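Below is one structure, written out as structure tokens; the observations come after it.
The chains carry the letters A, B, C, D and E, assigned in the order they are written, with residues numbered from 1 in each.
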Amino acid sequence: MFDTDELVINMGPQHPSTHGVLRVVLKLDGERVVDSDVVIGYLHRGIEKLSENRDWTQIILLTDRMDYVAAATNNLGYCETVEKLMSLEVPRRARYIRTILAELQRIASHCLWLGTHAMDIGAMTVFLYAFRERELILDLFEEYCGARLTYNSMRIGGLPLDISPGWDKKVREFCTIMDEKVDDYEQLLTNNRIWLERTRQVGVISGPEAVAIGLSGPALRGSGVARDLRKDEPYAAYDEFEFDIPLGGAGDTYDRYLVRLEEFRQSVRIVRQALDGLPSGPIIGKVPRLIKPPAGETYHAIEAPKGEIGYFIVSDGKSTNPYRFRVRPPSFCNLQALPRLIKGHLVADVVALIGSLDIVLGEVDR
Amino acid sequence: MAEAIAFYALSVLILGFAILVVSTRNTVHSVLFLVLNFLCVAALYVTLGAEFLAVIQVLVYAGGIVVLYLFVVMLVNLKRPPETHQDPRRQTLTGFVLAGLVLGELVAIAVYSALPPTPTGGVASVQGGNVERVGYALYVDYLIPFEVASMLLLVAMIGAIVLAKKEL
Amino acid sequence: MITPAHYIVLSAALFIIGVIGVMVRRNIIIIFMSIELILNAVNINLIAFSHQWQNVIGQVFAIFVIAVAAAEAAVGLGIILAFYRNKETVNIDEMNLLKW
Amino acid sequence: MADEKKDPELPTPPEAAADKPPSASPAEPLKGEVSRTDSPGAGVSAAAPAKPRTEPPAPKPDNPAAARPAAPPPKVPPRVAPKPGAEAAAKPEHKPAVASAPAGPPDPPPPADIAAPVFIMRLHDALPGAVTQLSYWVGDWTIIVPAGRLLDVGRFLRDDPATSFDFCSDVTASDWPPRPQRFDVVYCLYSTRLRHRVRLKVRAGEGDPVPSVTSIWPAANWLEREVWDLFGVHIVNHPDRRRILMPEEWQGHPQRKDYPLEGPGELLMESPLDWLRIRTAQDTRDIE
Amino acid sequence: MLDTVVIPLLKILILLNGVLIAVTYMVLLERKVIAWVQVRLGPMRVGPYGILQPIADAVKLMVKEDITPTRADKWVFTAAPIIVIVPALIVFAVIPFGDQVDLFGRTVSLYVTDINVGLLYIVSVASIGVYGIILGGWASNSKYPLLASLRASAQLISYEVAVTMTLVSLIVVAGSLSMVQIVRAQQDAHVWFVFLQPVAFVLYFIGGLAETNRAPFDLPEAEQELTGGFHTEYSGMRFALFFLAEYANMIVVSAVATTLFWGGWLRPFPSIQVAPLAWLGLVPGWIWFLAKTFVFLYVFLWVRATLPRYRYDQLMRLGWKVLIPLAIANLIVTGFVKVLL
């Protein structure tokens, strides 16, 4: 078995902590990772190709199936791109509700991340705590659009549904709960010695290097690069709210953890502001019955929970489906940094780092 | 009577496992038989009233040293069986001749000891206090050898680490 | 009636098995284990006589033997590992060089 | 297919699109909604809708651009304008070959009243002739460069302090089969310091080498692998050019427009190209 | 005959059955306790409050197919679980659950045997269990179990050193290696040894967590890293044996902690004979013993529900650079105090 000093093991595609069907081929020296190769594509469903043969509205529900833990954000990114292509205006109320949904979705996605990340490092209770809160968000979404995972909750030009009466109150209640619970998570983990030892100085990546390798989202901000598309290229209604962008310093797993935990609080803050200032009015703009954007192409990116989700869409102006539909999946680009991050670390850190990048294989493989 | 039964049973086990240790092809099995052999030897020590030594035998030999062997066996897992290589200078015959000589000596001892029955055998074993007496002997009467042994172990430990480490 | 002679015979038999192991087997790990058998044979003798004369010194000696065995195993196995790393073999017939 | 045939009166895409942003769009029925912007400034003109999109996040680079418009704008259009013209002239020649297939993305040139951002000026100054064409559409600037100059342009855009496109958001491609240079390889760049975006576009035909930009932006590594995997764009000097999403033994490149969408499962999986040949022999119109 | 053969055999029978039942219910307890920590209910379906769950589990494990991987070493693969479970069970022989009691007019001691090297016996027998783990991982002929078994054995051996070192200072205080004598020594000292040797207790408990491969030291069976650890390839009853051994070892560690540090069967304030504390004496010793053991078992589960997992190198560092030096320092201090007083 130890014919050479190096042992090659296959982590995945069926492995409890690769968050799906990721396969990482590790070349180990003892338990230390010498080299690694990330093999993806096990969940490739050809969503891009499929979308090129669906009409513009049908694609919304395909975007649900990419990052299935943050479906609303995917919908938002797609709808905004098409709106940009068509130069459509979205009513203010719709933009506010979109913001609320996107931020709730961010909290839900971060809950799932926190749970699985903590579970990977062995703190099993945090997993269930985080899922308990995620469940509340899923309930809110269920009340809003009837679905719990794949929401199909946006439309080109606005929203399919207005919020039901009393929904905003429930969201407010949830915000109160969430604020407390984030403190609970922090109590369990933030100053826990074992947690610190497992995450500090693990997978350190400097800011410039993180930019070069294409990290985005909390993984990039953990390295101290202030890049948040909500601030830099405001979409939906983000330019009307006050919120901070948490930044890390060392660029290690612990910083990425802290950034995401602070994002919980900031998201709650945004949701509160949006609820306070929720304007009345229509929820969908003037959209032609047959959606057929003029010929042209555009790239539009928004800040998904996992990073920059960008849509590059080409319309030929003639058919009712996009000529080219391309997603820039944040998980895919973040996962690219994994071999760089795990090099020289131990097998146990591989697990922690996969968790720290917060990938969803449905999005990586599309 | 009970002592005799225990002795013969344990002797058979000890010798049987010892033969298996040297004759088994699979090195891991060999190590396992060595453990069993040591456990039986420990049991023999108990019958001889040396409980402390029996426990040490299990703790140090079976629980420590042989685990080390097992580690090495697992690290040195060969693709080809190690016995295939035939050295022309290999002296299997001499080995058996030497073993035969020792066997002869053994027979001589047996015959010699069988002639005049030893009068002092079978004294009742010491009840309790064994640990204290061993401890006293070890730390008072044989303190210097004890310290030398500890130095030996220290040196061996450092040596083993130096040898086993890949690069210094 | 079990006399010291019985123990001597047992010990000698174990010793012989150990010697045969050292002589016949080519796998150096097995040879090391045979040496452990030999040391155990010695220990059995020591304990038997300790029991015979009601004197714990035999046991003290046995403890020293175990200590030496531990040292021997540690260093010996270290050498085996170092050797294996260079020559990829544990066959003692191939260990015919003082330097490689 | 049916849709396309229903609209014979539709002008050819390149011309229509080229005209739209500056002049034609005010006549569009959707005009009322155009000025949905992120900034509260509402009364922007027709051409402006997208302009704030590039502006607000990047106040610093834009201010110099705004200060300079008198000088640069005349400089840019003369250089760029003839080429789209040539392109537009060239395209109708391809059109008759396959009536229904679009001949390529419109890539409209920037309207006259929009000043090119400072990074494009800098690029023009530093690497004259590297830009084949400049395009502006709904707020996005696209620089079309020849494959041979891609690395120069990329390195300049990354390193120059006025451009500093240090973040490669995306590398992708689109496929326009009848065109000889059928692939558009698109590089979406972003500057984390100046917070502006640009798209680089390289046109390449089947088998034309496209240099890998992995040496400039390591982030492009997997993205280029994906472009190779799904489009078969011949990317050269890539450190690790393997398939990424499809299995290693996969035949063909599924994102191409001429890749069959359906077929007998086994055959399609094992050798889609054979299947394609069979289908082509039967009826070319079925391949869609 | 009755005293030498029948009663010991009866004791062994009762003890073994008791331990095995306790072990199966430990599994239920663990699921329940962790469920409560995590705001869940735990098993609720089998019997009231899931009380019959262990029986269902046992039936399931017994009727499950017992798979031997094709290229596994059959004999070793079969022997490994046995090697693990046997030491875990025979250790109970020297654990004193109580003092002597009068039962049916006969004085019966509530322990199977009291040997004068009892503590060393526990340590040495427990060290045999590591073979089962190494061999189980090796014989599976699979990479993850092999990695896990190497981890497990390295961990066990390292922490065994720390634990044994720690126990030496306790032996210095107690002056005996016999478990029963150690408890008596606490009675004579009028105080539980945890108050004399607090450092030793903490070290012992941490070492105990590590030696039983429990969280936060559960690396050898870290599902997230090694897909289940050294028993990945095991199924059915052979897997159950590994499982039972782990819980039996937990009980052993808790029982030994109780015996050595928390006064075994002694009630609190063992030698203060004042009226307000008299009711403490009414409770039989074995109940005190079981109650204390239960507290430690609960702590085992509590720790598991709360803490993340150490990494391999951190675990080794903790063992070699923290626990062992502390144990040695504790021993030296104890020795000095013993000599000076």
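Everything that follows uses one rule, which is that contacts are C-beta pairs under 8 Å (C-beta built on N, C-alpha and C of every residue); 3 or more make two chains touch, one makes a residue touch a chain.
Just so it is clear, the model here is predicted, and its values are computed rather than measured.
Trainee: Between A-E and B-C, name the chain pair that shares the greater number of C-beta pairs in contact.
Mentor: Between the two chain pairs, B-C has more contacting C-beta pairs.
Trainee: What chain lies closest to the overall centre, CA atoms only?
Mentor: The chain sitting closest to the overall C-alpha centre is A.
Trainee: Report, in whole Å, the distance between the mean C-alpha point of subunit C and the mean C-alpha point of subunit D.
Mentor: Chain centroid spacing, subunit C to subunit D, equals 78 Å.
Trainee: Between subunit B and subunit C, what distance separates the C-alpha centroids? Give it in angstrom.
Mentor: Chain centroid spacing, subunit B to subunit C, equals 6 Å.
Trainee: Provide the C-alpha centroid distance between subunit A and subunit B, rounded to the nearest whole angstrom.
Mentor: 62
Trainee: Please tell me the distance, in whole Å, between the geometric centres of subunit B and subunit E computed from their C-alpha atoms.
Mentor: Distance between chain centres, rounded to whole Å: 30 Å.
Trainee: Two or more other chains touching the same residue: where does that happen in subunit C?
Mentor: 85
Trainee: Which parts of subunit A, given as residue numbers and ranges, touch two or more other chains?
Mentor: Subunit A, residues with two or more chain partners: 1, 5.
Trainee: Of all residues in subunit E, which are in touch with two or more distinct other chains?
Mentor: 146
Trainee: How about subunit A: which of its residues touch subunit E in the complex?
Mentor: So the residues of subunit A touching subunit E come out as 1, 7, 9, 15-17, 31, 118-125, 128-129, 132, 188-189, 192, 194-195, 197-198, 346-351.
Trainee: Give the list of subunit E residues in touch with subunit B in this complex.
Mentor: 73, 75-76, 79, 115-117, 120-121, 123-125, 127-128, 130-131, 134-135, 138, 146, 150, 153, 157, 160, 164, 177
Trainee: Over in the complex, which subunit C residues touch subunit B? Could you list them?
Mentor: 1-6, 8-10, 12-27, 29-30, 32-34, 36-37, 40, 43-44, 47-48, 50-54, 56-57, 59-60, 62-64, 66-75, 77-82, 84-85, 88-91, 93-94
Trainee: For subunit B, which residues count as touching subunit E in their complex?
Mentor: Residue positions touching the partner: 26, 28-29, 32, 35, 39, 51-52, 55-56, 58-59, 62-64, 67, 70-71, 74, 128-131.
Trainee: Which bits of subunit A are touching subunit D when the two form their complex?
Mentor: The contact residues of subunit A facing subunit D are 40-41, 44, 46, 48-49, 53, 83-90, 208, 211-214, 216, 225, 227, 231-235, 239, 285-286, 288, 294-299, 301, 308, 310, 312, 314, 316-320, 323-324, 326, 328, 332-333, 335-336, 365-366.
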